[in-house]
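Structure incoming, see below.
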Amino acid sequence: MSSNNNPASWQLNCPVSIPANAEYVTLAHGEGGRLSRKLIQEHILASLNNEYLIALNDAAQLPKIEGPLALTTDSFVVSPLFFPGGDIGSLAIFGTVNDLAVSGAKPLWLTLSLILEEGFPLAILDRILESIARAARETCIKIVAGDTKVVPRGVADGLFINTAGVGELITPIPPGPATLQVDDELIISGPIGRHGIAVLATREELGLEPLPLSDCGSLLQSVELLRSGIGNQVRCLRDATRGGVAAVLHEWAEASELTLSIEERNVPVSPEVRGVCELLGLDPLHMANEGTMVIAVKPGAGTAAVEILKSIPETATAQQIGIVKSRGIVPVTIRRTLDSEQPLDDPLGSPLPRIC
Amino acid sequence: MSSNNNPASWQLNCPVSIPANAEYVTLAHGEGGRLSRKLIQEHILASLNNEYLIALNDAAQLPKIEGPLALTTDSFVVSPLFFPGGDIGSLAIFGTVNDLAVSGAKPLWLTLSLILEEGFPLAILDRILESIARAARETCIKIVAGDTKVVPRGVADGLFINTAGVGELITPIPPGPATLQVDDELIISGPIGRHGIAVLATREELGLEPLPLSDCGSLLQSVELLRSGIGNQVRCLRDATRGGVAAVLHEWAEASELTLSIEERNVPVSPEVRGVCELLGLDPLHMANEGTMVIAVKPGAGTAAVEILKSIPETATAQQIGIVKSRGIVPVTIRRTLDSEQPLDDPLGSPLPRIC
Amino acid sequence: MKYLDEYRDPKTAQLLLDEIRRITTRHWTLMEVCGGQTHSLLRHGIAVELEGTVELIHGPGCPVCVTDQAAIDFACQLAQREEIVLASFGDMLRVPGSHGSLLDAQATGAHIQIVYSPSDAVELARKQPETQFVFFAVGFETTAPATALAIKQAARYRLENFSMIVSHVRVQPAMESLVQAPENRVQAFLAAGHVCTVMGYESYESFVNRYQLPVVVTGFEPLDLLDGILACVKQLEANEAMLENRYARTVQAAGNRSAQDLVQEIYQVCDRAWRGFGTIPKGGLELRPEWQQFDALLRFNKPAIPVFKRDECQSFEVMTGQIKPPECPHFGTRCTPESPLGAPMVSSEGACAAYYRYGVTTTP
Amino acid sequence: MKYLDEYRDPKTAQLLLDEIRRITTRHWTLMEVCGGQTHSLLRHGIAVELEGTVELIHGPGCPVCVTDQAAIDFACQLAQREEIVLASFGDMLRVPGSHGSLLDAQATGAHIQIVYSPSDAVELARKQPETQFVFFAVGFETTAPATALAIKQAARYRLENFSMIVSHVRVQPAMESLVQAPENRVQAFLAAGHVCTVMGYESYESFVNRYQLPVVVTGFEPLDLLDGILACVKQLEANEAMLENRYARTVQAAGNRSAQDLVQEIYQVCDRAWRGFGTIPKGGLELRPEWQQFDALLRFNKPAIPVFKRDECQSFEVMTGQIKPPECPHFGTRCTPESPLGAPMVSSEGACAAYYRYGVTTTP
Amino acid sequence: MCLGIPGKVVRWIEREGAFAQAEVEFEGIRRLVHMACVTEAELGDYVVVHAGIAISRINPIEAERIFETLSQWGEDEGWHTGLSQDTEASP
Amino acid sequence: MCLGIPGKVVRWIEREGAFAQAEVEFEGIRRLVHMACVTEAELGDYVVVHAGIAISRINPIEAERIFETLSQWGEDEGWHTGLSQDTEASP
């Protein structure tokens, strides 16, 4: 097989054109000496500077937090690095901010750790750092500590990013899926499957046009509105990332030992996602989201929750999709064409396009 | 070039023999469905369980901290994954615990994020998770949140680990290298260059025997002793990782705008490290450490600091290696054979073995 | 989506369902030939709604399930070779061979590329002339035109780095072998709509006449299926055995002549080993001699690799309607989608997977 | 370490230093031929201590610095080829060619393997028979036995996947061309101890006689260097020009006969382009015709790749002692170890890098 | 098996031979589809696409038939009887 | 150039020919070193190793000479005069 012999050969799908004599990342950039400091100063700090990060200490020194803490981490390995609607940088920020937000915390600080493949163009790195900076500004979060490693060519796929986030838990903290009760109502904040389809269609070069847009974005405002509006009514929230909505419902069913039951006709799916899913034999409920969440509220609170969500553009198409029932034979059911409730499958592995 | 066609072909240097029919990581383990939960339950929680991690929430909910916070992150991409004296797992814990400790914080909680290459043997993963668990127990730190991603074969080098750490800053917080003063004393906590040499010799298969041992280990106890003994006398501490002691001295010289001056004869170097460095034309001062730190104390406090360090076995060979001087032409000087002080070079890139 | 959504209309479906229940006087056993129909029947809850009225058993119509284990082994073996990329539909990746699936092979270093269309594999070969691309050509008559077209395109481009493992199977010989079996209890067939789209249904005339069993060409959406079932039940209740086309918006009596010509030009009928069935005479398609330069078997002279067939899998019994998947002793215990013993547990078209996925874990 | 530490003893070094200062009556200019000696003189502060007493200028003895740019370009080009792994000493990786260094090539996909010994590259080739290993054989007479041995071993194993880019250079022709230059101001030579270990020093007799310049075979540790300098100064003060061996623990008059035989068997003397110097007659070693199956140039028929020589680098002037590195207009500004204009800024043996590293940024 | 999805032909790229191709739209998403077997399709026609090639042109009149039948049932309310006559016309 | 490091021969692996090898110790670390050019070395001898092959056996008597000379200087205090006689014996 032929391998990538030039720095522009990653599956970048990046709008930046890379000049032939572009500067790129070398192993020396990761070795802790002069070049490492240059990379940090001229690229990372240039985009992300703030009063904590500038100290470049072994650990950031941060002020005291009043409430209890929330702590989360995620690594981002998306391929391609740029996809319609986002890139690995914005994803790395929104992903961690969203995890804090749905946990009931006010996101405060992030760490940012880059694993770069030797030969990665610095122009692309700068572009991703700008995207990180933009997402951090949008969500009012500060990147206070970081790390950069460079691995030899062929040992990583261009760039992996890890973010870890610290937030302050704000009362009332959603008590979590173990507290779900019969008749609780299930809500989805927007059309599903957009991120998974956008990335799949871009990566596998399926020749689809226009490429569907990822929903990659912040859930901060919608969570805050929900909490300030009906905070005491919220049981749990979850951004429906890998495994999609189906995986969230299965996890919640497992945690609560109840059955979660949804109506297919109420689940919002955008026409493009619908079209691609039919064409490739995929179920939108299994496809990843990166700015769309599932919410469970107490009985009767669903309408209020949907109202609140519909008040901002990001979640204007929020819908109640189902309710919690006493435990049946299967953990998650879906009503499709006919009246009978069918089991909704828990996704197994990455959804593969199929012709059968 | 031939590629790795069997799961045992990583540069593992692992003492575990892998049976031919070993189970290994698949892409489905990273897709957020049933197999992801199985991997987390049967492998990760099996080794690392605690009251926070078990919740498996989007973010860990943690109690309130009294003092201000310290936050740090590092990715670990060491190749080979196992090296004499440690492995990527223990390294990922000690590295982050040490960064918190030298920053003046009591390490409390860690996040753990794994990027696994498809085909990675689960037996090896278990072995590394055990090593992580052991290091976490030894340093009394809890892993409270995590993430697991699987990337396709050929897209990562077996396993990368990211840890982020939260600690509570304890007064007196070492004021940092910007506060260095003329006549401050510089101390090293143990023999230098062991980690860099151990990894280099293992990775490049240089045919050396016995392979020198890495110093991979915790600095927690030694930092605590120093702080409780002469806490007010400590200016700054730094674990001398990538770039070695030379990089730390250069960073401090830059931060303080003073000249740091050391004596080669006082720098402890183990015989094996000495032997390998001579053979390969390397300078131990440029080689990485993973359990050895540089300390700066106020004038006159060096002897007390060394005494305290010598009281525990981990730092029994601590030495005063130099002092801080007013700014000369060069930022860091070293006195070797003759009386004159020579500039000590800041490392550039990974040290390469050479024959010239 | 036009021509999809209207055939999923719940109210209309309910009307049809009521009508089927109304006219059914005794227990009828129908076979839906195609795995896609199985999938749809379970996904939309039709099978459940008809429990006690009409029993639906699944036919051999999942090409993933019936592809011979040796072909999968060969595909894995080629994919492991440094110079080869194996291109495949996503469907085949999880099917177990003797030593694991293509996904397992990939996890240990094999080069596999998912494609949506066989012609996409031709394009890949054109763009990377240094690499040998082998397309794994599975599927029924529906898929054969797409793979035949890929061969023609590769020939037009004079590609020397494109070949195929041809493992196409033919539906009708399998139906024949099924009704001839002493255990047969099928009383009517829902013929596979998309196979008929290509092949037409005239050839079923003699089948209907010979075996005196109703055959109804049926589509895949809930209304299509209910309509096809209703047509079958009506024939059975009237003690008739006729050939009907209930998928006329897509299927014509003669099928698609251009597609048949294309298949005819590239392939010839051959005996073929079906997984679970053994060799079915005339059960497959192979490359005609004039196209053999594209035969991966010849190009990469296949060594005799031992095939360790897993006899535990009851796929033959399942695919011939003798048992339903939950009656297999391994169903849901030793055999799950995470760790399938047999092919029907893998593909989302496979009957066992469909039962597992849709939670039908007990026999009616 | 035995035979190292005792030669770094500070007290003894001080004695020798004092003695040199004591007997020196005027300004003498010595050349240390070997880059290793340059490195040691700067690293241990000897050059600084002798400032104003004895001026030390650095000779052409850094094989990394003098390796022709075209050879580096060829190495980069081979490393880029899919089937080839280029094996090299770590030293060569940062040296700039016309289009970047081997490290740059690696960053854009080339396969490069650092080895400590040429025989290690032979072992790699033996273990991976599908891959072509090309060893980049640079170095002076000291290194030639190791690379010659690798050829013999590869021949013994009948390896068809091992070859070398032979770029060995010979010290003495370079010294000749140096003293013949009108700009020459060297008054005595510290001959390169390890080259003499292999080659002996008898061949210097005629050099000393012809040019009437003292030549003192000198080692690499501080005491060795001070001892060698002292010997030079004593001759100069006494107006003598003799050949002396001050590295007798390692060097014998006739050198190492087995090593010479080995080199003789595999290589023959040839004219060679030296970077910065131009072609030096008899300045290199090439494979004898009977070993040419191991010549990477012949095996991978080198296309004529344009070499864009960077004329800005003053390496010739530096390596012939006409200027000291900080006198080069680019030193420390456009030319630094991070971004070297010329080879002497790269290798830790290179005179410019040594000056930069040890902070000697102004001329004495 | 044999996922076949209806899509609308929106642009012909090449109408003849082995490389016949058209742009086909599926709910706003377009893809190039091989048309060698359905060269007679016109812009605006719906075709059934399987594995990237069109295998059939959808007959819009036949597509309505089931709904017409059902609506007749709805009109006369005793639709069960009417059903068999209507449907048995097709094979 | 030409890093040459002294190491002690601790074990012979193969004494003859192109594959002659011995285990050589450098401050506790051992490596196999090619010995084709120094086949006469005995166990305990020090050899100078360059690029993985031994290029010379260290002569322990010569190795002492500089220190002997210096110690003589130490003894007679007027050592400068003694130096030239001693050293000029060697070439």
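Going in written order, the chains are labelled A, B, C, D, E and F, and every chain counts its residues from 1.
We adopt the following convention: contacts are C-beta pairs under 8 Å (C-beta built on N, C-alpha and C of every residue); 3 or more make two chains touch, one makes a residue touch a chain.
Labels paired with UniProt names: A, B = Hydrogenase isoenzymes formation protein HypE; C, D = Hydrogenase isoenzymes formation protein HypD; E, F = Hydrogenase 2 accessory protein HypG.
Every value quoted in this text rests on a predicted model; they were computed, and no experiment measured them.
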Can you list every chain that touches chain D and also touches chain E? A
Maximum distance between Cα centroids and chain C occurs for chain F
Rotation, 0 to 180 degrees and nearest 5, that superposes chain E on copy chain F via CA atoms: 180
Would you mind checking which chain's C-alpha centre is most distant from the centre of chain D? E
Counting in whole Å, what is the centre-to-centre distance of chain A and chain D, each centre being its mean C-alpha position? 56
Centre distance in Å when chain C and chain D are each reduced to the mean of their C-alpha atoms: 70
Averaging over Cα atoms per chain, report the distance between chain A and chain E in Å. 38
Taking each chain's centre as the mean position of its Cα atoms, how many Å separate chain A from chain C? 37
Return the residues of chain A touching two or more other chains; collapse runs of consecutive numbers into ranges. 2, 26-28, 34-35, 154, 206-207, 274-275, 278, 281, 348-349, 354-356
For chain F, give me the residues that contact two or more of the other chains. 1-3, 5, 26-27, 50-51
Considering chain D alone, which of its residues make contact with at least two other chains? 1, 4, 35-36, 62-64, 82, 89, 103, 116, 120, 130, 139, 143, 338, 349
Let me make sure I understand the interfaces: which chain pairs count as touching? A-B, A-C, A-D, A-E, B-C, B-D, B-F, C-E, D-F
In the complex, the residues of chain D that touch chain F are 1-4, 6, 12, 15-16, 19, 22-23, 34-36, 61-64, 89, 116-120, 139-140, 142-143, 145-146, 149, 152-153, 156, 192-195, 197-198, 201, 217, 220, 223, 227, 230-231, 234, 242-246, 248-253, 256, 258-259, 262, 349
Can you tell me which positions in chain A touch chain B when the two form their complex? 26-28, 30-37, 55, 57-77, 79, 98-100, 102-105, 109, 111-115, 144-147, 149, 151, 154-157, 160, 162, 164-167, 169, 173, 176, 238-239, 241-244, 247, 250-251, 288, 346-350
Touching residues (chain side chain D, partner chain B) in the complex: 1, 4, 8-10, 13-14, 17, 35-36, 42-46, 48-49, 62-64, 82-83, 85, 89-91, 93-94, 103, 111, 114, 116, 120, 128, 130-131, 139, 143, 222, 337-338, 347-349, 357-359, 361
Chain F residues touching chain B - in the complex, by the definition given at the top: 1-3, 5, 7, 26-32, 49-51
The answer for chain A against chain E in the complex is residues 206-210, 212, 271-272, 274-276, 278-279, 281, 354-356
